[in-house]
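Same chain, two partners: chain A is paired with chain B first, then with chain C.
Right after this comes the complex of A and B.
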């Protein structure tokens, strides 16, 4: 498969009064053409910051993208872009859907004009052609009576409809990459399923690559080809969906999977949660960031950051448990068998 | 929308009636007797009595209020006590000058404050922002009568650039002449609004720029300039509509002092002399005018707001107004 996006050692910090918050600390992953990659992790793990970096939406200051970070989009390094190049890239090559469609749409501009804006930003078309295109897009995302709807304002639509409008805006110029930053968090469960279905359908129909950012593993199960698990600004594990769900290698992924509510268990069972809090990113821990909360923690976890172990088919995890000398006892999943990556 | 308008009209009428009643009472409560302004110590008792009767002051306040109110309902604001001319006629003479001064000063304050506020908001916490803020603070704090006198001293007495008072030079009747007379009063009158508007627009701009829809616009590849003019400008000017509605009345009242200082032949000068001579039909007309402008200004602001902001219009349709 052809590679579309390659994030390499991305490090992003925010400068606050309390000190430098190292939101993203060396994230690397790839997205192939036509592929859906889910980035999962709890709040504050750096997934949104990563997506904003790919869109060039990090405000500097207070943000800072560190030296040595690279984001390659079709072999061009985005981080060397000038503002004009960014403007050409955003919306046309890569689009983004945000979490809350109500605040993400301009309240005083009708939705038609908000879609048309993206079209006229990148294509040399007449107003009428752009309007026709906007109607077509609304139809594509499943909004009934699109011709009448384009004159409506965001507050006149339901939450699900608004998110569909956001998708229509994002797809207006047939982007090669669509970043969906928690697109279903603000919606109720049935609508969530509809929106995820829609993204999946459109992705198959248009061949767009998708980065789906979420903290809900249940959402990604049937849409993602690959999953990147992030924790405190780092990628702790990544691999194909099957790898992550059936052969997870990192204790954090184990804990996440255990925390997904299950329908097949008894009613009275308590929901599982991960004890403790994620580390403070102003002074990140020296060793493994998950060591504090990990039930399998060892002495070395506290002192030395774990290397990345590679398994079959691009499945990789950063955990000392996969070190050949580690005793593998009482583990819920099979550990080991990986090859240490020479960095 | 219709129901909303109707409700507001009824409310406005009630407010105006209350204003009229209380201002009538206030004139009555003011120390001294109205008649004392029109009676001289040299008059005999009979002459004094005749004057009081002629002015209608022998009747009680209630009677006079009812009479005045009946007149107003028929469009008759009575006759001025001091010069015996109909009040409405005098107002009609002076109103155009005041409206000219008011609208020019309002337009001036908007034209200057919108770009200033936007720039300050965009360049938040930079030197440019601080300078604009400083100017705004000075503008709010300067008493307008003081500024008026300083301007007369500088531009009329020292530099001899602008005329110090009036609306026309006698014998000259050109637009340029009127503009020259207009510059100083309009500027003095606008300075307070200018400063307030600038600060409002600045904080609105900062607030709107942090809204998420700006991020969406950016992620469509919209340039900074277009984001500002297409998205942010409208959203941050909306609250200014309400502000203008509220400020309209203060422009009339503000012109009171400014018009007196610059000898502008408008309502301010008229009102000033009416108060000095306890000319209550004139004062009442004046109060009613500024009350009406205030009520009407707010009403118009609400209607305008509804047209500018789609969210409000729906709210009015569903809940029949705030």
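Right after this comes the complex of A and C.
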């Protein structure tokens, strides 16, 4: 498969009064053409900051992308772009869907004009052609009576419809990469199912690559080809969807999978919970960031960051449990057997 | 209605209606003829999409909103007719945990004051030292420590704030707690902590929970019985096991089918029942079944007659013309 996007050792910090918040601390992953990659993690783990960096939306200051970070899009380093190049890239090559559709849409413009704006900015077409294209897009995302809806304003639409409009705007110029930042978090389960299904269909139809950012592993089971699990600004595990769901190699991933109550579970049974809270990223822990909450923590976890172990098919996990000398007793998953790779 | 022994019944809701007038000719029927009973120590879950009236139902039940019609009996007394000391005793026994742990705690008070406020109002202890001891004890029970008592709310994370909210609710030794989406604002890893805490507290104190949420898998996990609401009406009510193994109402089936399952193989194979469209507006709803517009089995009868909740199997109530 051909590579579309490659994030290499991305480090992003925000300067605040309390000190430097190291939101993203060395994230690397790849997205191939036509692939859906899910980035999963809890709030504050840096998943949204990573996506903003890919879109060039990090405000500096207070944000800062550290030296040595690279984001390659079709072999061009995005971080060396000038503002003019960014403008061409955003919307046309790569576009984004945000979590809260109501605040992301312009309340003073009807939805038709918001789609047309994106088309005329990037393509040399007349207003009428752009309008036709807008109607076609609204139909594509499943909005009934698109020709009439085009004159409506965001407040006249329901949450699910707004999210569909956002998707229509994002797809207006046939981008190669679509970043969906928690597109369904604000929606009900039935609408969530509709939107996820829509993204999946469009992805298959148009061959767009998708980065889906979410905190809910359940949502991505159906749609993701590969999954990147993030914790406190680092990638702790990544691999194919099957690897992550059936053969997790990191205690955090394992606990995340267990924390969701499954319908076949005994009622009122205690759930597997991850005690404690994620660490403060102003003074990130020296060792493994998950050490404090990990039930299998060892002495070395507190002092030295774990190396990344590579398993087959691009499955990798950063955890000391895979070290050959580590005792592998009472573990909920199979450890060891990976190839060590220290950065 | 849904049958439980009279002696154990804590809460009895009969034909409860709550309408909000929206201008001259429009009425928003947020809760329209809902009936249920709850017995001591059980958890009743109420699920539904946003705008289905589940929060309004909960708040009307504990008397935060005035009712439009119907009766709510708490231990045999009408909640909406209580006055004076009776009302005060009721507000002590019935507590609430709110959805948004950021908005439901006073930012200008210390945790100490937030948790202790109810105890002062109800004059439960004679001295401040006793209240202080009790606050420490409560914080300990919900998994916070003593030092947290002298801090302000903004210093806490979402999960910790929700624990403060729970400590506040527990401070008055309540018997009945209305949990209004207590976990939906929290991260997945923290949700399990809060649910475990609620289950443990129920087992220790014999609390009765009315648990409102839109996350069906969580509701199934914590509830003994589950009621499904759609546009102000209760469409199905049964034990949580039965609801998930034998859902009867087409809406319940669709809701269950929309739950994402964290298992790629199962997800790829299963056939989803997709509901088209959104929840219609509850303003001046058309007569007949509220779900008819989105229901794949809708017939002429559905637009003429409003289905009523009736028993189709032991303890399984459905409001649908199919049964």
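FYI, the second predicted complex is superposed on the first by the 339 of 343 C-alpha atoms of A that agree within 3 Å, B and C clash if a C-alpha of one lies under 4 Å from a C-alpha of the other, contacts with A are read in each partner's own complex, and residues count from 1 in each chain.
The rule is short, and it goes like this: a contact is a pair of C-beta atoms (placed from the backbone, for glycine too) under 8 Å apart; a residue touches a chain by one contact, two chains touch by 3 or more.
This is a predicted model, so every value here is computed, not measured.
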With the two complexes overlaid on their shared chain, look at chain A and say whether chain B and chain C clash or fit. fit
Chain C versus chain B, contacts on chain A by residue: C
How wide is the angle at the Cα centre of chain A, looking out to the Cα centres of chain B and chain C, in steps of 10 degrees? 70
Pick one for A:153: touches chain B only (first), chain C only (second), both, or neither. first
Tell me which partner A:82 touches in the superposition: chain B (first), chain C (second), both or neither. neither
Answer with first, second, both or neither: which of chain B and chain C does A:95 touch in the superposed model? first
First (chain B), second (chain C), both or neither touched by A:117: first
Chain C versus chain B - closest C-alpha approach in the superposed model, Å: 5
For the complex, give me every residue of chain A touching chain C. 42-43, 158-161, 188-194, 196-197, 215-219, 221-222, 241-242, 245, 255-257, 259-263, 265, 267-275, 277
In the complex with chain A, residue positions of chain B that touch it: 211-213, 215-224, 230-231, 234-235, 238, 308-311, 314
Footprint of chain A on chain C - complex, ascending: 49-50, 157-160, 187-193, 195-196, 199-200, 214-218, 220-224, 240-241, 244, 254-255, 257-264, 266-268, 272, 274-275, 278-279
How about chain A: which of its residues touch chain B in the complex? 55, 57, 83, 86-92, 95-96, 98, 100, 103-110, 114, 117-118, 121-122, 153, 155-156, 166, 169, 172
